[in-house]
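The letters A, B, C and D name the chains in turn, as written, and every chain counts its residues from 1.
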Amino acid sequence: MRIDNEMKLEFMSKSQNESFARSVVAAFIAQLDPTIDELADVKTAVSEAVTNAIIHGYECQNGSIIIISRILDKTVEIEIKDCGKGIEDIELARQPLYTSKPELERSGMGFTVMETFMDEVEVESQSGVGTTVRMKKTFKSI
Amino acid sequence: MRIDNEMKLEFMSKSQNESFARSVVAAFIAQLDPTIDELADVKTAVSEAVTNAIIHGYECQNGSIIIISRILDKTVEIEIKDCGKGIEDIELARQPLYTSKPELERSGMGFTVMETFMDEVEVESQSGVGTTVRMKKTFKSI
Amino acid sequence: MNVGFDLVNNKLIIRIDGDIDHHTCEEIRSKIDNEIMKRNPKSIIFDMKNVNFMDSSGIGVIIGRYKLIMTSGGIAAMVNVKPQIKRVYEICGLKKIIPVYENEKQALESI
Amino acid sequence: MNVGFDLVNNKLIIRIDGDIDHHTCEEIRSKIDNEIMKRNPKSIIFDMKNVNFMDSSGIGVIIGRYKLIMTSGGIAAMVNVKPQIKRVYEICGLKKIIPVYENEKQALESI
């Protein structure tokens, strides 16, 4: 398949970069003329995955987060990757309300939000190596 | 010197990415609370350097453009890099009104705009290897 | 992160101003908890008029405050909720525990 | 890229809507040149009310149209210029060749 556009962003795992990351993805997909709702969906999903990389992947220590995004026709692919602690049981992690950090008042709804707002969510992770979340969404043509 | 924040962005040399690139840098420096004028200055300088990479560096062929930006205290450093054709005579290129592509209605004012809007502009280039423009600006504290 | 407060009939109106994400959560949480401690309100109303973005980290903060006010027998409500926030809110099942009202007046009359 | 036109007393008002950069230039240029060809105006007025961003690629387009209208003895003016655009405009020395007026009315009376 032909890639119409592609970008790669690398940034530090600092919490102020959560809003930066969602702004970057929003600016990148602007070329697809998304509706306000579609734009909000993608920003929210990106925010969830980036926050998880910071809190769970790097446990608020220094680390680097990579976002790769591709546009193919009306579809956007977004890959969010950390080299943090990884997820031991991915199926459990994706359950609604499951969180490994209830002491931080986490809602455990991050993956559920990603799954609801995006068409596809794929999680690849290995303990001690890191986690990659791959999401896809196709925009309705106008 | 301590780096407060850092990001690296890589994207394709397509003209629709000119506005994307300036939005990304704008979102990144938002954490410094720039004035409207300061924000516009940086966006304009970034637009000039990215446009040059696309038109002159890659001559509108496929290529990859890299932006690295760092925040140190109240100062932002921005590096814009292409692996394109390079500049033979940097001093000549930086002259106001000089353009190697008058047939494209270029104004030859790109470098002058960068120099006016940023505190420092450094150009490194090698024929056949590529060009890197490094710019700095310190924001006035509020 | 700006959080404003108003006490009306012992109901604490909490006006959050800005995006609610993990980065801003900590400050929002501590400001609200301080105010609840100080004023000891009967119930709380989140005014979301100036919130344009919220993710599941925000849901964590809302639920946390809801639990806090519950322990003293109070209730929580939410007003002026924008579409993006309403969607996150519904997905996370908050609808069942924290009622949403159109505006402040309605919330003050109903809770 | 939206470019609107109005002909008033044989003066062509060019209303550009959006950012002017290298990406949008080509389309702006061809739309304006077509209109000049078709209407053959005495002079042109760039209305920049809806332009929030312009870089030196935009300066190239403006100068190009200025030269075009000059060849038929006409002149160019600019109105409703926002601060960022005024700064780029001044740095590039356009001030000396294309006068800026507060609004359309003043430009129409003066040129």
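What we mean here is this: a residue touches a chain if its C-beta (ideal position, glycine included) is under 8 Å from a C-beta of that chain, and two chains touch if they have at least 3 such contacts.
Predicted, not measured: the structure shown is a model, and the values here were computed from it.
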Touching both chain A and chain D (chains) | B
Work out the mean Cα position per chain and let me know which chain is farthest from chain A.
-> D
CA centroid of chain B to CA centroid of chain C, Å | 43
Separation of chain C from chain D, taking each centre as the mean of its C-alpha atoms, in whole Å | 50
Whole-Å gap between the CA centroids of chain A and chain B | 28
Report the inter-chain centroid distance for chain A and chain C in whole angstrom, where each centroid is the mean of the CA atoms.
-> 26
Where chain B touches two or more other chains at once, by residue number = 16, 19
For chain D, residues that touch 2 or more chains besides their own | none
Pairwise touch list, complete, is A-B, A-C, B-D
Which residues of chain A touch chain B in their complex?
-> 5-12, 14, 16-17, 19-20, 23-24, 27-28, 30-31
Listed in rising order, the residues of chain D that touch chain B in the complex are 19, 21-23, 25, 29, 53, 55-57, 59-61, 63-64, 83-84, 87-88, 91-92
The chain A residues in contact with chain C across the complex are 15-16, 18-19, 22, 36-37, 40-41, 43-44, 47-48, 51, 54-55, 104-107, 109-110, 112-113, 116-117
